[in-house]
Amino acid sequence: MSKRHPVTGAFQAPRLIEHQSVLRVSCKLLVPFIIMFAVYVITHGELGPGGGFQGGVIMAAAFIFYGLVFGASRLVDRIPSRITDFLMAAGVLLYAGVGLHNLLAGSNFLDYSALNPAHPSEGEALGMTLVEYGVGITVTSVFITIYVTITEPRFMRSKRENVKVTD
Amino acid sequence: MIESSPLLAIAIPLVGGALIVVTGARRNLREAVTLVTAGCLLAAVAALVPAALKGPSPTIEVLHVLPEIPLAFHVEPLGMIYALIASGLWILNSIYSIGYMRGNRESHQTRFYLCFALSIASVMGIAFSANMLTLFICYETLSLVTYPLVTHKAPKPAAVRAGRTYLGILVSASVLLMLPAMVGTWMYTGSLDFVHGGVFGEALADGSVPPWLFGFIFFLFMYGIAKAALMPFHRWLPAAMVAPTPVSALLHAVAVVKAGVFSVCKISTYLIGVDKLAEFGQGGWLLYAAGISVVAASFIALFQDNLKRRLAYSTVSQLSYITMGAAMLNPLGMMAAAMHIAAHAFGKITLFFAAGSIYTAAHKTKVSELDGIGRRMPFTMGAFTIGCLSMIGLPPTAGFISKWMLLGAAWTTEQYFAVGVLIVSTLLNAAYFLPIIHRAFFRAPPPPSAASDESSTAAGVPHGEAPWPIVVAVTGTAACAATVFFYPSVFADLAFALMRGMPT
Amino acid sequence: MDALTPHLPVLLVLTPLFGGLLAALMPRRGPAPWIWSALVTGFEVLLGLSMVKLVRQSPQETITYFIGWWPAEYGIAYEIDALNAYVILVVALLAFVSTIYAKSSVEDEIPKDRHNFFYSIWLLAISGMVGICATADTFNIYVLLEISSLTVYTLIAMGKYRDRRALTASLKYLILGSIGATFILLGIGYLLMLTGTLNMADMHEQLMLMKAEGDLAGNRTILVGFTFITVGLGLKMAMWPLHLWLPNAYTFAPSAVSALVASTATKVGVYMAFRFIFTLFGSVYDSSATLALMAFCGTLGIIVSSIRAAQATNVKKILAYSSVGQLGYIVVGFSMANESGVAASVIHILNHAVTKGAMFMACGAVVLRMGNADLKSFYGLGRRMPATMAAFTIGGLGLIGMPLTSGFISKFYLISGALHDGKWWLAMVVLAGSLISIIYVWRVLEVIYFKKPEKRAPVEEAPFTMLIAMWILASASVILGVDAELTGRLAEFAARVLIGGAT
Amino acid sequence: MEGLGLFNYWIAVAIMMVGFYGVIAKRNLVKQAISLGLFQTGVFLFYITMSVYRAPDGTPGRAPVWEAILDGFTKDPGPYDNPLPHVLMLTAIVVGVSTLSVALAIIMNIKRLYGTVEADEISEIEEAIEHREEMMSR
């Protein structure tokens, strides 16, 4: 049946998938477009429906799709957990950092007009876009992490989880 | 210099305690520190006497424990009597402790001396407190620092149990009764300062405190001060007798219990105002409560075979004399009470010293074992006799003076219940003390062989006097008890000063 | 620093927020996350101090900060007055001290490569708690409440490495806490419906206007909103009988987390109750019946949970139940709605944080050395870990309310508050509660000092960082008890600010 | 009729209560977590229906953002719904999802360490542990 990864001990997708060329090809074709659409949704969030949350989820859907087809372990090989962990924090940092930049620039926290003092409204637009991207990055990495965590039997932590069972 | 002296009196034992810890490993040095500290303390306290004779001195504020109530101290006659006794007897008690603790090879001696010094510091704090909050704080601190002394023989279940009773009763009473009384006083009058005539005058006059509430607060105070051992809050005192004898002697015959009756007197005089009580017809019950306590405790003492327990019940009854003096609600009674604080201290500490001396030399704790011991320990038992005389109130001892004053106060104010109590209890006192003396001097000692199989502590083996420090201390306190009879001036003057200051 | 002064209210929240995010980026192993967290929380204390200084310069005014310059009606405003400056300082101080303490305990209880994660969550929790105190926007309160709660659930669940029951405790807390938060959200919804605003002061004004026009008479929306908020807050601050999540959560959490959470999390809940009941509903809505119910719950909580504490055999559990009881004091205090009662509450927030923090820290040191916090582990520790046990003893005395410890001050105020209204029975219940606390504290102290240890093996004293932290708190307890001039005045002032709206 | 006019609130409350019931009555931890989510969703619905506006002439309100912006804020967009609750719920949904995911993470750990997600079985195990601890401390 399913095999374990030689190093991580994770379950690997059944070998059968290697022969499912339709799935593999369509997945490889679709993923870039989904990511592009996600970027569009995120960027568009400034003015219309959409934004970081929605776009982030769509972006994550691209990776999750990849994971579904090729197996989560392969997804983890491509995007290791340290990258998602980093992006989770980095996204929020981007979001909050924009606000902090304004604060340091002499305006109030989250007052984006300080990004472009000459044209406050453009500053606001830029600020919002940056914030959307921050949110998007975080949401993407969070959802990837959730997916990986739920699908895989915690192979990432198999060694360090020597939990004392009290009985 | 004189102004800072109450603080000095508190600081000296604290510094002494620190030095005791530092020198803990070398016991000769440690005990020298104790003695020197005690000497310095007596000098510092004695220097305050002239100030005290003039009435309450200006208040010294130290810290603001609560925004409007500081930790404050002052010198006044009643506190002076108490401080003088405690600091004076600490010297003798330290000499005695050295003999006793070494003689019985007690453990944790550094802790013992440290806690003793801390207790004395709290006692000084109580004596010189200038408001109720300060008194309360020092009172609770005293309960806490004496706890390790009571549980000195700690892993023994008896000591732990006694410690529980001790702390349980003292703290419960003070928290459950005294604290609300104090806060109530603060709420209704806006002041907790000790001033002549009390702080309730205005509130009573304008009717914001109804008389029943005033009486209720007084009731809470009187029973809240469990250290005064007013029945039924006396149980801690016999329980505390598991402690080493020096502890029983100084703390449970002098410092702690006197903290109780001193607080009773001080609160009645300076916070409640006895004249106000008399004026509004409150607090009359205290006389009866104290009187019953006197007689009942004396009666219980009759049947105690354990010497220290008998002394403990005697203490309960003697303390209620003092409470009774305060309960007469007039200056004469208060003066007698103040005098009895001093008189009882010298007598009772002598008795406890003697009991400890007997234990150290002969390992006997029961009255029934004391046959003929007076021949082997003439000094100890001689001192014991003087102590007994003082307890009964016979000349030439201090007890006579104070009992005389009590009786006089009772007669002049026509409180015949008090007179009756005094007479009956004197008879009872005689009934439980004189047989001990009779046994010690006029009965033949048991033959050596008869008792040897009963007890492993060589009860029948010939023994002489106790170690010399013990003998010195016991004769010293006995001498004090006699001296106060011939020269009562210091204490009497202070007591007069107290009476003069009181509104009649 | 001067340039940043006007931004202080928001910086208070941002500092631990950024700190937490950056901590997640730190190397997984090694002391770096700990050092970073200590620096961040230390800086937070400095910010808190300068905030208090700012407030003291003009105590009558409220320092307001508009995020993004949006006015308070539309945007989120942060408002700082004497009360929240005080609570923020308490949280910041406790956070700093607990962070110092956390080093050894986390090294022992959390796997080596999870430290950055732990400290990241830890700082985010602090950020949430400070934020709740700083914000004046009700919905922002909900969001920050959830930030702090979610992180605290996670922190508690990390106790699984020591005892798996931490997980169920955490889940129970999560479910009850989320229900509480959702109730609060629902209550805020009702108020939003009624007033059209989320800002507290604005809401209060709108409600006052409606009251003046007589629109509020018989209005059930405000009644329902008030009820939901009260129940939600009761759950969040573990008011008896809504405290069921608390004992296990505190018992099985990692030691450092117990110390932090026990001394701050429920206090923030109490702060929210102050804001909602006094600032928002004060004089709008006659809450005397609710307050009477709260007084009833508080007194029962004091008695019942103190008795439970006296029965428990795990010292951490004893402390946890005692926390419920001590919370009862706080609830009883503000339910009197008079100045000394509320002042007692405010003052007890700090005093209990300090004493209970010290005790949980001492307990954590025992867990570190003995492996668990059973009463048996404490046998004879008085000789083996003297400094730790001395701190525990001081904390215990504070809990009892001995004079010269901080507990006495709170009790004094509490009784004055009760007697102010002539409620002698309330004073007696409070005192009876403290008598029961003598029993449970003394049970532990007797074991510490009088029992012989079971195993002869030598026991080391707690590590230096732990000792420092617990002694800071223990001596703070004594200092606050000896000289309550500052805290007393601050608390009285804060009480006047709160009650001022109600009279 | 008046009660029926508030039917949206009735539905919000009904959803809430279904969730609340599930939290209390279900003994499966996953079901409890899902019910908790449902409970919160009820509140979201409550907020959203609260924002609905209908002009006195019966015109339903609508989302104002898009067209107003296209017009450059020149003309009156007509009756529009209150956008504030929508914004709030956006945040609240995120909070709800976070709560749910934390809950699920904890439940996964419980499954790993207890071998079950049934509350009854877990409490049996815990009672056994507590019993043993008490025996040991006697």
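Residue numbering begins at 1 within each chain, and the chains themselves are lettered A, B, C and D in the order written.
The working rule: contacts are C-beta pairs under 8 Å (C-beta built on N, C-alpha and C of every residue); 3 or more make two chains touch, one makes a residue touch a chain.
Because the structure is predicted, anything quoted here is derived from the model rather than measured.
Visitor: Count the C-beta contact pairs for A-D and for C-D, then tell me which is higher.
Guide: Between the two chain pairs, C-D has more contacting C-beta pairs.
Visitor: If you average the C-alpha positions per chain, which one ends up nearest the average over all of them?
Guide: Minimum centroid-to-centroid distance belongs to C.
Visitor: Report, in whole Å, the distance between the mean C-alpha point of chain A and the mean C-alpha point of chain D.
Guide: Inter-chain centre distance comes to 24 Å.
Visitor: Which whole number of Å gives the spacing of the CA centres of chain A and chain B?
Guide: Using C-alpha averages as centres, the distance is 78 Å.
Visitor: If you average the CA atoms of chain B and of chain D, how far apart do the two points sit, in angstrom?
Guide: Using C-alpha averages as centres, the distance is 68 Å.
Visitor: Report the inter-centroid distance (CA atoms only) between chain C and chain D in whole Å.
Guide: Computed from C-alpha means, the inter-chain centre distance equals 27 Å.
Visitor: Residues of chain C that touch two or more other chains: which are they?
Guide: 160, 164-165
Visitor: Residues of chain A touching 2+ other chains?
Guide: Touching at least two other chains: 163, 165-166.
Visitor: Mind pulling the chain D residues that touch 2 or more other chains?
Guide: Residues 105, 113, 129.
Visitor: For this assembly, give the contact graph shape among line, ring, star, complete and other.
Guide: other
Visitor: Considering every pair of chains, which are in touch?
Guide: The complete list of chain pairs in contact reads A-C, A-D, B-C, C-D.
Visitor: Quick check on the complex: what are the chain C residues that touch chain D?
Guide: Contact set of chain C toward chain D: 139, 142-143, 146, 150, 153-154, 157, 160, 164-165, 167-168, 170-171, 174-175, 178-179, 182, 185-186, 189, 192-193, 198, 313-314, 374-376.
Visitor: Inside the complex, what are the residues of chain B that reach chain C?
Guide: Listed in rising order, the residues are 63-67, 71, 136-137, 140-141, 144, 151, 154-155, 160, 163-164, 167-168, 171-172, 175-176, 179-180, 183-184, 186-188.
Visitor: Please give the residue numbers of chain C that touch chain B in the complex, ascending.
Guide: 397, 400-404, 409, 411-412, 415-416, 419-420, 424, 427-428, 431-432, 434-435, 438, 442, 446, 449-452, 481-485, 488-489, 492
Visitor: Can you name the residues of chain A that touch chain D in the complex?
Guide: 47-49, 53, 146, 149-150, 154, 163, 165-167
Visitor: Please output the residues of chain A touching chain C within their complex, sorted ascending.
Guide: 85-86, 88-90, 92-93, 96-97, 99-100, 103, 106-112, 160-161, 163-166
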